[in-house]
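Chain IDs A, B, C and D follow the sequence of writing; residue 1 opens each chain.
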C-alpha cells in the first residue's frame, strides 16, 4: 500500500520546467538586473535546485512523514528526552499572527504583549528553579550549558580567579563535557558508586581551587535522585566552586524540589522536554538558564525588564557575557512553554511530575521481573534497564531489543546511554501515557525476552527499511544526493 | 490535568503493583529538607478556552510585522511562506518525532534531512552541508571555530559589516579561547580590499565576511577570497539564502565555509526564533563539521536508506573532544527550508531575489526622492539598504512610520556610533508598490 | 511498526475518569440546575460517551488516518470523482477567522467581504456555465440535481403545465434517477448506442409532452462528449422539455465549451470535484446550480445581490421554490472554489481541462494495448476500461484488478460503474498528476494483467486489512460498537 | 499553472504517445460550433501571494462573530472548538480521501465513521445513526420522508416552533409529493399539548418538534411523544446536540427519528456551512435510512474491519427506488463531531451544557433588568432565549450592539410577523460575564 514512487528523492522526482512560477509579476518599474547589480557579483546561472510541482512536493513529504514513528503515533519512551504529548492548543496559539509574525527589531511599543509573555517566562523559570536570574536566549540544552559555563567563567574573571576545571560524573550526558571544552575548561570526570550516585570520595579527591564548576544531572541519567546533593553542593561551594545543574530531567521534580534550594548555582531547562515543546525531528528546542543572584549580572544580554507597566529589552548589562545567538531566542518554543506552564499551574506541574514518576516506577516494577535494572529498585521519571544478561544468555543485545520493539509498534528506549551501564536501555515513559499503553509495552518487552534470538538479530521486519549498514555510511560518506 | 490519561483507579492499581501506598513514597529518594513545602508561586492552571483568551489578548497587544507594511531588516525578513510549508511542518510524524536515533523508524526525517543537506549544497555551491545549527549567528561562529581548528591559527579577521550580533556572539564564544579578533573597518559601507589585506596575516585563521552585508551592500567577494587564501586563511562567508537566486554562490568565489540565517526560507519571523542555522563547507572540512550529518547507505536487503553518520564527531560519542556540543538542533526549520526550496525551485528562487531587487531599488529611489532621507552608502544593494535621516534622528523616523502602522529599521546607532541617524530598510517580495509609496509619502 | 493499540475503538480505549475537565469554571452566579430546568426535561444521567484523555484521542485518530489512502498520499484515479490536488493555500485562506468565524445571521453590514465573495462566485459560475442564474445553496451534486428539478417543476407549475417524466440515459449516475424520484417525477431510461452515446432514436421515441426534463451528463460517464448534444437539446426543447446537465464532469470542458451554449437549461457544479474542494472522506461538497434566465426566478432563496456598492441577501423572491437547506450553503467549500477559480483565471481553467484530457488520453493510449476499453478510442477527462476479457481469460475481475492496484500503492479506479460496461474500471487521472505517476500506474496495471490470478483473488495483501466480508456485514448489520 | 506537474516536454511526449499533434485535437469530439471562441470572462489568475492578499482583504471586511462578543443564535452557535479537532480534521489522509469505496485502503475513514455512528447513538439514545446528512434542516426533512414512507400516510404535523428554515426546506421538498403539512401553533413559545392533539390524526405520518425549540424554550416532549404515538404517528425530533449534556435524550422520551444540526460539535460557524446533518432512528427504520452506513465485519483473515453496508438502500444501487438521492455527504464534519465528543466525554458535554445554561440565565436576567427588553416567553430555556424590544424595534437593537462590536439576533419578524420586535440571544460557554455585562449595560 505504500507509495514508493513519491518517496524517491526530490532530485529524482525533479523534472525541468515543472515548477510553476509562484510569485506575482513585479508591480514597480523594472530595470535589467545588470543595471542594478555589478556583473562580478552575479552568478551566471540559477542554483541547480530540483524542479517540482506543488502536488508532487506535497505527496512526497506526506509520504515521507509516514515513514516515521512519533509521539502522536507511538509510545516513544526515549530516555532522557521526555517525549511527552505536545499539546495541540500550544501549536495553535503559538501560530497566532500576533505572536508568530513579529520581527525581532520591532519598536518595543509594538510588542508589549510579547515582552510581557517573555518577562513572565523569566519569572516562571525563576520560581520553578529557585534561581532568580533567568536568560531565555540559549537555543537548546547544550547551548544553555555553554552559556552558563561562560557565565561562570565571567564570574570568576570578574573576581580575578583563575579556575580551569569542570568536574562531571561519568554518567553525564555528552553535551556536558563538550560544552565545558567549548567554554575553555578542562574536563575531569568523577566516578559513580555502585548505586549509580556520585562517588563522594572521588569528588572530594578532585575538589580544589582549580575547580570552577561541577556539572551534575539530578535526577541523574540513571533516573535516580542524588540523595547527597546537599552534601555535594556544599563540598563544591566549600572550595569556591559553582554547581551547574543539567536540567534535562526536571520533569521529575517540578514543584517538588528546586535546584536553587538544593544548592545549584546555575542550570538550564529543556522546554522541549519538560515543557512539552515538540521535538521537531531534532529541534527546535530552547535552553533557558537560571542562575543565582550573584551570577545574574553575567547573564547574556538582553533580558526583559519591566519599568512601571512597560516592558523592554535591557541591553545595558555591563558585566554580561554578551550574546550567544542572534536576536532574542527561540521564542516560538518559549511561547509553547508559556502555554504549558499556564495550562498546568502549580498544581498541574506537580501532578505532571508525580505521574511521570509513577509511570516510570510502574514500568520499572513490571519490567524488573524479566529484565535486569542494575541500579535502584525505585526511580524517578526514568530508569535504565540492561540487556547484558539477556545478551550473555541468549545473545540478544540492547540493540536487538530496540529493534524488536519497533516491530511491535513501539519506539525504542534510548540505548547504550548512560555509558556506565552495559547494554543500557533507558526508559522514560512520561506522564502523558496511559497504564494501558505501559501494559502493552511491558507485554511486548517480555515477549522479546522470549523471542527467537535470530528473529531479533534480523529485526526490524515491519519497518520501511531494515537495519542500515552504518559502517558503510561512515566509511564512504554520501552526504548529498547524486554523488555516487 | 488535561494530559494525564491515568484515572484515579489506574493510579491506585499502579501504586499497588509498585508496592507503595502513595505517590509521595516514590519521592522518598529526595531528602525531606530539600522538598518544596509550598505550591509553586505560579498562576493557577487554565483550561483551553481560558488559555486561548489569554494568549489572544497578549497577541492583540503586538503589531504583527508580517501583516502590516513591514520594512524591517537586519537579518530577519518578511518573506512569503507558502501554505504548503506550514502543512508539511505540522505533520505530526515530523514535528512530534525526535532525532532519528532509530533509523528504521525515522526514514521520513532522515530522508528529509538528507535532501536538506543536498539542497543547501545546491544553493551555496559548497560540497557538504550539515543538518542544521541553532541560527545564522551561531552557525557563523561554529564556522569560525572550524577554521580555527583546521588552520591551528589564533587570529580571526572580521569585517565590521558582518551583522553586529553575529560579531557579539563570536566575541562571547571566543572569550576564553585565547583567540584574537581583528576588525576590518568598512568606511564606505563595505570592505575595502586594502583594509582586508592589512588585517589578514599569516596568523589569520579566517576572514569572516557577510554578503550582502549588514548594511545591505555587496562585498567584493572575489577579491576577499583571494586575499584570504593568499595568506593561507580560510574564507568564511555569511550569506542571505534569498540572495543566492541572483548572486554568485559561495562555492563560486572559493568560500571554504559558509554560514547563513535560513529564516528567509519559509520560517516565520517569530520575534527572532526558532530560526535555522545553515552551515556548509568544502569536502575537506567534513570531519570537523559540528552537528548532525545524514548519510546514504543500504539496509540489509540492499534497499537504499539513510542514517545519522560520522557520529564520531559528535558529543555523545566524543564528549569533550567533539567538534561541538550541539545536540538538539533546528530540524523542523530545516524541513521548512527544504519544502520552501522544493516549491520555489531554481526559477522561483531567482524570481524572489529579483522581485526584492527591483522593489528595493524602487523603494530606495522613492524614499530618498524628497531629500529628507539620504542613502548612507553609494553601493549596489539587493533587498535592503541603509538610509541616513537628515536632521531628524533615526528613532524618530521609526516612530513616525509606526504611527501609521508601518515598520522600518532597525536604526544603527546602537551598533555603529558613527551611523547614528541611520537605519535599515528592507523590501521583500511581499511589499507592494502601494506599501512603498505610502511609506515614501510619509517619510521622504 | 503499526500501532495496533491506539486503533482500537474509542469505546475500548475509554476509561472512566480519564477525560479531564475541559472548560473553565463558571464565572456567573450559579444556581442548581434543578431550579433552572424542570425535572421532566432533564436526563437522569449523562450520555454514555467514551472517556479519553487528549493524548489518547490524538494518537487514536492520527493512527487511524494512516490506514487511509488519499490524494495527498496516493494517485487516486477514482472515475467520476475528479480526485485532483486540494490546494493547501485554499485550506489556509478558508480558515481565516474573517471567513470561517462568521455567523449566518450576522447583520449584512458586518459581512460585506463574504457577500462580495459569494456574489463573485455566482458570477463566476454563470460565466463558466453560460447560464446566468446561479444558486449557491445546494450542499452537494445530488442536492443540486434535486434543487434544479424542483426549479423545473416550479417553472412548469407556473406555466400551468403538468409534466411528470424525467428522462435519463442508462449510463446516468445513480443520483440522477434518485433525485428525479425525490422531486416527484417518474423516471424513464433512454438507451445508449454501441459507441456509448445517447441513442437518438430511443430518445425520440420517449419524447412527448409529459417529459419535463432530460438529465444528461456531458461529457458522459464513459468520458465521451455527446457530439450530438445540440441535436439532443433541440429535440427536448421541441417538445417543451428542459435539459439538465449533470456537471460532475465539468473538469473536461472549462473554458472550452459551456453547457448554456450547447443547450442545457439547468446544471449543477461539483466544486469538490471540478474546483478542487477536498472530498473529506465523503464530503462536504457543494452543489451550486446554474439556470437560464427563464428559470432564474424559481431558484432557491436567498441569492446575493448587489445594490450600488453594497451586497445583500435577497429573500424577496416570490416565485422561488424556497429553501433546500438551512442558512446560506456550504460556504466553506465555496470559499475554496473561489480561491481555485481566482488562482487559475480563464487561462488556467482552460489549461487545467486541457491537461485533464491530455492525461486521460495518454493513460487510455497506454492502457488500451493490454486492457480493453470498449467505447471510444479517445476520451475526455476519463475513460472506462473493462476487465471482462481478463475475467473470461484469466478469471480476474475488475474487483481483483482494483485490489491488485492497492497492493502496488495506487488507489483503485471506480469499479462497476457505469452500469452499461461490464467489469467497468472508470479511470480519471485529473490534471494534477504527472506523467511519471501515470507511467508507474500503467506499469502496475500491466503487471496485474499478467499476475497469478490467485494472488489477485487474495489481494490486497499489504493493506491494514484484507477483503471484508460484505455479505456478513449486510446480513447481520453491526452499525455501532458494543452491539454484539 | 500551479498544480500542473507536466512540463512542456512531458506534454509533447504524451501527445506523441497518443498520436495527436496538439491538445486541441483531443477535443475533436466537441463540435466546433459549440466551442467557446473567447477566453472566459474571469479575473486573470493569481499567485499564492496575491491570492493571500486578496482573500485577507475580503476577510478584513467581515466582523468574525467568533472573535467578537457574539450572542447570535438561531441554529448556529459560537461554541469553543478545541485545537485537536482542527488538527485531526486537517490530516491529509482524512480530508483528501473520498467515500471509502475501497475498504481495505480506507479503514481510517470507515472506523471513524463507525465510531461517529456509535457516538451519535450514545448522545441521542437512539439505536442507529447514519454517517451524516447535509445539515440539520435537510436531515429533519429526510427524517420526515422516512416517516412518510414508513407509515404510508400523507400528512405531517409540524410545530411552528421548529426552525423556520427547516420548515421552509420541508415545504420545498414536499411541494410535488402530495403531502399536507399541519402547523401546530405556539402561542406561548412552545407547543400546547392540546393543540398538538388536534393536529395529529390517524392520517398523520409524524409530528415534527424541536427541542429546545427555535425560541430557545423547552417543549413538553414526553407528552408530545404520547400524543403522536397514540395516533400511530411517529415522533420526529430535532435536537441541539449540546443540550443533550443535560436534557433527556430523544431515545428516553420515545422519539422514532431524530435529526440535529451538528455544527455545535466542533464545526466552525462558517457563515452557515459546511455543517453536519445528524440523523438517527430506531432499529426498525434502519433499512429506510438515507445515506451511508458503516458496518462492522471481519476480513478474510478474521480481523475485525469496517465497510459501507446496507448499500441496497442507496442511489448507486437502487437508483430511483433509493431511500434518498444523497451521495457526497458531510463526512469531514462527522469526523469533527466525533473528535469533539471524544474529547469532551460525558462530563465535558454536561459541563458545556451547564455553562450555557448558567450564563444564559444570567444574561436573561441582566438583559431584562432595565425593562427596555423583556422576555418574550416565560418558559425554561437552556442556551438561548427570545427578547422583546419594548418600543424600539429589534433591528435597532441589533444595530446598537453591532456599533459596539457585539452581535445579537436574529430578529424574528421576518419569520413570525407577530414577533416583530423580538430577537434571539444565545449565550455559549465562550461568553464571559464581562461580555454579558457589557451587552446588558448597552441594551438593558
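By definition in this document, a residue touches a chain if its C-beta (ideal position, glycine included) is under 8 Å from a C-beta of that chain, and two chains touch if they have at least 3 such contacts.
Here the structure is a predicted model, which is why all the values come from computation and not from measurement.
Chemist: Looking only at C-beta pairs in contact, point me to the busier pair out of A-D and C-D.
Modeler: Between the chain pairs A-D and C-D, C-D carries more contacts.
Chemist: Find the pair in B-C, C-D or A-D that has over half of its contact pairs, by residue number, in common with A-B.
Modeler: Equivalent contacts to A-B are found in C-D.
Chemist: In whole angstrom, what separates the CA-based centres of chain A and chain D?
Modeler: Chain centres of chain A and chain D, defined by C-alpha means, are spaced 45 Å apart.
Chemist: Distance-wise, how many Å sit between the C-alpha centres of chain C and chain D, to the nearest whole number?
Modeler: Distance between chain centres: 19 Å.
Chemist: Distance-wise, how many Å sit between the C-alpha centres of chain B and chain D, to the nearest whole number?
Modeler: For chain B versus chain D, the centre distance works out to 47 Å.
Chemist: Do you know which chain A residues sit against two or more other chains?
Modeler: Correct list: 1, 15, 18, 21-24, 52-56, 58, 62, 66, 69, 72-74, 85, 87-89, 91-93, 406, 432-434, 437, 460, 463-464.
Chemist: Going by the contact rule already set, what residues in chain D reach two or more other chains?
Modeler: 1-6, 10, 46-49, 52, 56, 67, 80, 82-84, 86-87, 90-93, 105, 429, 432
Chemist: Which of the residues in chain C come into contact with chain B in the complex?
Modeler: Touching chain B from chain C are residues 1, 15-18, 20-24, 52-56, 58, 62, 87-89, 91-93.
Chemist: Would you mind writing out the residues of chain B in touch with chain D in their complex?
Modeler: On the chain B side, the touching residues are 48-49, 52-53, 56, 67, 80, 82-83, 87, 90-92, 429-430, 432.
Chemist: Mind pulling up the chain B residues that touch chain C in the complex?
Modeler: 1-10, 46-50, 82-84, 86-87, 92-93, 105
Chemist: Quick check: in the complex, which residue numbers of chain A touch chain C?
Modeler: Chain A residues touching chain C: 1-6, 13, 15, 18, 53-56, 58-59, 62-63, 66, 69, 72-75, 85, 87-88, 406-407, 409, 432-434, 436-437, 440, 460, 462-464.
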